[in-house]
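Here subunit A shows up in two complexes: once beside subunit B, once beside subunit C.
Let's look at the complex of A and B:
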């Protein structure tokens, strides 16, 4: 390394042997760089968004192509195209995104790939930022694909690099699956070499890259053969290890975060001599010989793994024919010794091990815990999920709520995934009634809008964000245009993929690496579909309500209302407040009949707080973003706003 | 679970089709709003019994209490209620007569009351956007003349009174309203005294005779099919036996059989017992069989004072009502009262449960059998 060459110790640091602190997902990005990756794609989704984010920042330096794709399926298709043309590629997504990409992935499993192709899946165990808990490992089993699970930050990097080699060796997509605590935690990572990579891509037109027509089952058979080869390869993988005594009282079989929790648990209980840990990194196909070797040494087995009982089921399958007549006692998620839902933590694992080893373990005295909870509640009152102060979604839901009450026909609002999903809670006045997959709000609305012939008489509306619009709402909208479904699509254009960190999408005029890019105009798109479009500013709550009311009267076919107002967090980074907002205490009615804390109790913007002593509302200047909407909401005109330049 | 005041109104009055759309619960707060013929609970308020709850005459009203508050005596189940003087009258002003309904007495009296400082403003009802009537504030004769006609459509007029009263700009307001609207104002007088009460700003009530009112949006839709709304000059239901609804337009008169209109009658009107606005200072209607004249019932001292002054200043021509006409009026009023009570009892299925009417059921039974 030349002196002064490195300014940072980021994922691009050309300093082999240096130990740096990296997030797990950054370690994976580094591993990809060490593998000479050429193309990286993703649609953002927690906990997978940082891979493309970090790689986009070094894309020019490494001559990479990095993009935020319109959705996960397209992301994998872009990466797949690179691989088929001889360039190593990686695509990242969360568990829900994998469902979107599944169609292409299942085809790719049959056709195979050319250069290393790694599919990184971040599973949100505990569904902290997701609409579901879903264990992506089942997909590897379903599609006969190899699956790797890193257990440490170092392993995240090393395994990522190794995944490309595995992928190329067996000409198959390799799934690298991890969970939030690895991906978003930080740990020491020893850096490896960064290769000089020059690609000479070419798509080999002498070969057909498609499942053979009418004979796809032959590809299926070939895939099974390949999987057996990978299984043998996995037997010697450096990512699998056993730590513990011979013939342990209790065998712990783990992967991913389970390894760290289990190691900590044995140390905490001082039970290292009684129990042993078989830590697996290659979790599909399962290395049968390796697992069998340790299985036969123990009678009691506890599985410690994140989300589902995946290893547990696979090992039970293996054990069924292993030693005729031998009975093991398996414990884990299927027996309830480990909770079959929610995220793991050290206490859960320590408790399960202590139970099986007949030890007593009490993380905290219950009286102590109660006192902790009591003290916490004094200073940190429990609070519902809430939109940010000044969020245009709150203003939109306010207008929508009013419009639907005035309309009086019990209008149904469907929705999907985004910040605006909070429309199902009091934050959005409980207006949004359905949320399933990305874009599903439009699809479900399209369906509801066709039920008139059965006597369905409620107006139908749906909300979707600007990024979600392109992601998966468009096909449903095209469907509704063709089938003349009666509903209103409220497109919440806040100028970015706000929930996951403002990644650009096709409606934004810049791309993943920050260069200017053509902007796809949602208005023109809708117009081309023959759908009438109006644009409103959600901060103008009365006009927005009246526009909803006006369009609610129109009957035939889909209609689009675009609520255009950039996310207040984007605004906050550069432009500042629109208004200086103040409460006039002389006019504020407070709890009296005629108001009854309308702003703080009903409207609910966290920028306004209730002063218990003066019994008046007041603006919390530290929180208020100056949108000025509350001035329209106050029934007494007690909230003054002064426009700021 | 006990319902908070607003939820109780929503479930027991609005959802039970008892709401007359008088507007008494509106114009005071952001929660109840009047919109296109319906009172809408926009958001939930958790005050257990606020003004909406206390003012609404269709949640609970005791005619005795209200009558005592206004006239100092208990309510008598008779034909016309408290009456000091019965007469027929018409405006002396041709311009008013041509614009007003029948003899134009309401328009003349309100204009006079404004001029004389009897009141500082008047809440009237006028067709607003989409032909739907709304309450409106008038302070001059010119403004009063603009709204000088009947609409027969239920309107949230008391909401306009509430918001004008709360604005603090008017201190003595006159209100022209249907019996349900006048009852709502009267009912405000018996609300708990610690309540901020708009009725303190009420200076005069002129009640209009009413058999029923029409549901606004549905009826406007029906009207639109017949005529362009902007061409309507006046509508009228002439006294029996005409049995028609007449629409006077710029290009002539359209008569619609009354039976075609009846389906638009507001369901809440079936449970009303008051034809002659018994809690007003003065009640005014058509004088049956005497074209171009109004019937005038003076009920309170205040009403008498205004009428006498108007008579002295020759604002009105006033005559004694012929006995036969009075008998007809009493008969019609009794008929509505009994029909209303019977409909109430039919709805509850129990002669001792009169829905919103808190009354001595023994007296009511005697009245019905009398």
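Let's look at the complex of A and C:
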């Protein structure tokens, strides 16, 4: 193949047999293409966002319909509609999103589907970018749905393709669940064939697609029967394998990332002849015969899985009735050999295996280790998260902090999930006091705003982002309009779903594939609810503070203040800096000033540094994004800003 | 001095969110996959766009796929876009034989900005890195990139330094071919120039 063609190598490359380096989630997107998928939907959330992102870029080429949906429940409903009309569809979400989609998913489990429908769930093990690390596999068990877990990047692709076939064979949604180190890792993937697919969709109106009224438990019974058939099918799945000796001293049962860590651990310890690995790809329903075959060959079993002891519990259940009188020794999360929370890593797995095989493993010489510990504790301060230089959220929290101090009634700010969640930390002056689910800040504020009859006297405010506003804040806002709850919603409109990579949402004038789209106007929506709206520029910190103060004095019902300023990362790719910012060394009194380093110590923008030699502030031009807000902050007016065209 | 007979070779690229770690790991990974290597990359970037520590673990093997995270103490090469992060990774993943190539331009942490912690002086960081590694190179790539008018090019200069150091089985010219596939025409010349500056810089300091 000519070089010119190779330039376009991506998930759409029509080059069967070519080995490419793909992210696990890109491999899943490729697998969906190899399955001839027609519809793909999602609401963004780490680590699941890249599926629809990558497919949106090739949607036109493959005549697909790809959308960023308003939330995960709607995303799954759009994909479900395609499946029920005879089109293969995939929907992607993170673990928190699955909770949003759960109501529809549980209905779909009972009704079944028509054409292959795959629900890809990305679990954020370790909660690196989430408010929890819940293990979505429990949902498969709860709803009697088949569950697949890829263990390699190649498997991510192959399993995604296969998931559509499994889904169709048993007329059920198939859950393809993975975790961050597969989805956001990269590995070699050999590409397969891309099919020519033409769909002729039709909804069969001769059939009812609903659980029978008053007799839904019949659907439940049928689902159990189906699950037993899937269990038998899973027994022969190519995604399950055993690697190791007969009758191993230690049997390792793994799924997902556990496979690569376990294989590496045995190699590191040179223990491949002592221990064997049963790698499971079809983890619900558990293939009983296959697991039993290896279980009876070993006495000591260690489970290596992310996040909860899911396989561990299922295998213990199986073992309870397997051989009367036989006692196994099970190790894993329940015994603390593997941490019952957080994500896995090679050290945890090497440590657990070494312990159970009575081996000693020291990764580094003790003198070197001591020196590492000494240097780390003396010279390596932690790097906490912070708002980017010039982030409008920092400016908004600055104004909000001032307004609440001046108001003096101990105002409460609730919030939810987004970059602005950092409002709970010093980065946002610890202003945001609650964060639970998407849109929950508005719901909780709506509740606090109704407590006056019990003597509650604090002013109530809440923050939510522009994407979150549509995702799940709207029902709570409607609720508050109807019930006349007293609070201020501060809508942080930065023109995109910034935290996950600027995916469009209904308030943006383009759709997932980049075509222009009607923009749903949040201002008009609020007005239609009878809620007064004002718009401020958060970079104008004094005006924003005064507007907060003005509205804090108003009482009845919900009020909305829109802080409108695009994310600095969007601006960085376009217009660039608004101001050339400089510290005037004549005016900056440095440590002689009574301000005690106000600009760095209190305002805390990473674009300002304290020069320890001159003992004065300076602008770090490699970091400063030129928002000019700090010019308002310095009590000596020593920060100059010059507007750039 | 090279690692061509070692398998796997563990490279960790580290820096602060927004410095362009992922681009480097992807370019290096793709180049090596085309050479027949089995590559696994794990990116630790909880919140890459919000100033946290970022590390890309690149596991390079001719034989098999390794896991996406490097075990403690097993880093062969550390490429740092920020000096404090290079030292941090070295204390976690380094050993006596590790090589370090690091940018010297600091990015202050939140605690340093607010005055709760002190950013160590560059000499202190260098001393720590040199004590914990077999050999270290220090390059002021941010200054070079700033002089070119594009601070973000520091990552490409550092990539040039990594390839120029000759530790990894990567041919300079093959790597430049990879640039042609990844950069738009208008960005290509500037990126190639930055890459070559990185090679020149490390060649100078090695000789």
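One rule holds in what follows: the second predicted complex is superposed on the first by the 622 of 645 C-alpha atoms of A that agree within 3 Å, B and C clash if a C-alpha of one lies under 4 Å from a C-alpha of the other, contacts with A are read in each partner's own complex, and residues count from 1 in each chain.
One rule holds for everything that comes next: a contact is a pair of C-beta atoms (placed from the backbone, for glycine too) under 8 Å apart; a residue touches a chain by one contact, two chains touch by 3 or more.
These figures come from a predicted structure and were not determined experimentally.
Aligning the shared subunit A places subunit B and subunit C next to each other free of steric conflict. Of the two partners, subunit B and subunit C, it is C that touches more residues of subunit A. In the superposition on chain A, A:623 contacts subunit C only, with no contact to subunit B.
In the superposition on chain A, A:518 makes contact with neither subunit B nor subunit C.
Using the contact criterion defined above for the overlaid structures, shared-chain residue A:385 touches subunit C, although it does not reach subunit B. By the touch criterion defined above, A:21 lies against subunit C but remains apart from subunit B after alignment on the C-alpha atoms of chain A.
Contacts of A:610 after superposition: subunit C is touched, whereas subunit B is not reached.
Legend: residue contacts after superposition of the two complexes on their common chain; A:264 is shown touching subunit C, with no touch to subunit B. Of the two partner chains, subunit C is the only one that A:185 touches; subunit B does not reach it. In the superposition on chain A, contact is made by A:595 with subunit B only, not with subunit C. Subunit B and subunit C, viewed from the C-alpha centre of subunit A in the overlaid structures, lie at an angle of 90 degrees when rounded to the nearest 10.
Shared-chain residue A:324: touches no atom of subunit B or subunit C.
Once both complexes are placed on a shared chain A, the shortest Cα to Cα gap between subunit B and subunit C comes to 10 Å. Subunit A uses residues 601-602 to touch subunit B in one structure and subunit C in the other. If you check the complex, the residues on subunit C that touch subunit A are 16, 18, 25-26, 29-30, 33, 38-47, 49-53, 65-74, 84-85, 87-88, 90-92, 94-96, 105, 107-115, 117-120, 124-125, 128, 131-132, 142, 146, 151, 177, 180-181.
By the touch criterion stated above, subunit A contacts subunit B in their complex at residues 401-402, 405-406, 408, 429, 592-596, 598, 601-602, 633, 635.
If you check the complex, the residues on subunit A that touch subunit C are 3, 6-7, 9, 19-21, 128-129, 152-153, 181-182, 184-188, 257, 260-261, 263-264, 268, 345-347, 350, 363-365, 368-369, 371-373, 375-376, 379-388, 419, 422, 426-427, 498-499, 569, 597, 600-602, 604-606, 608-610, 612, 620-623. Considering their complex, residues 28-31, 33, 35-36, 38, 40-47, 50-51, 166, 195-196 of subunit B touch subunit A.
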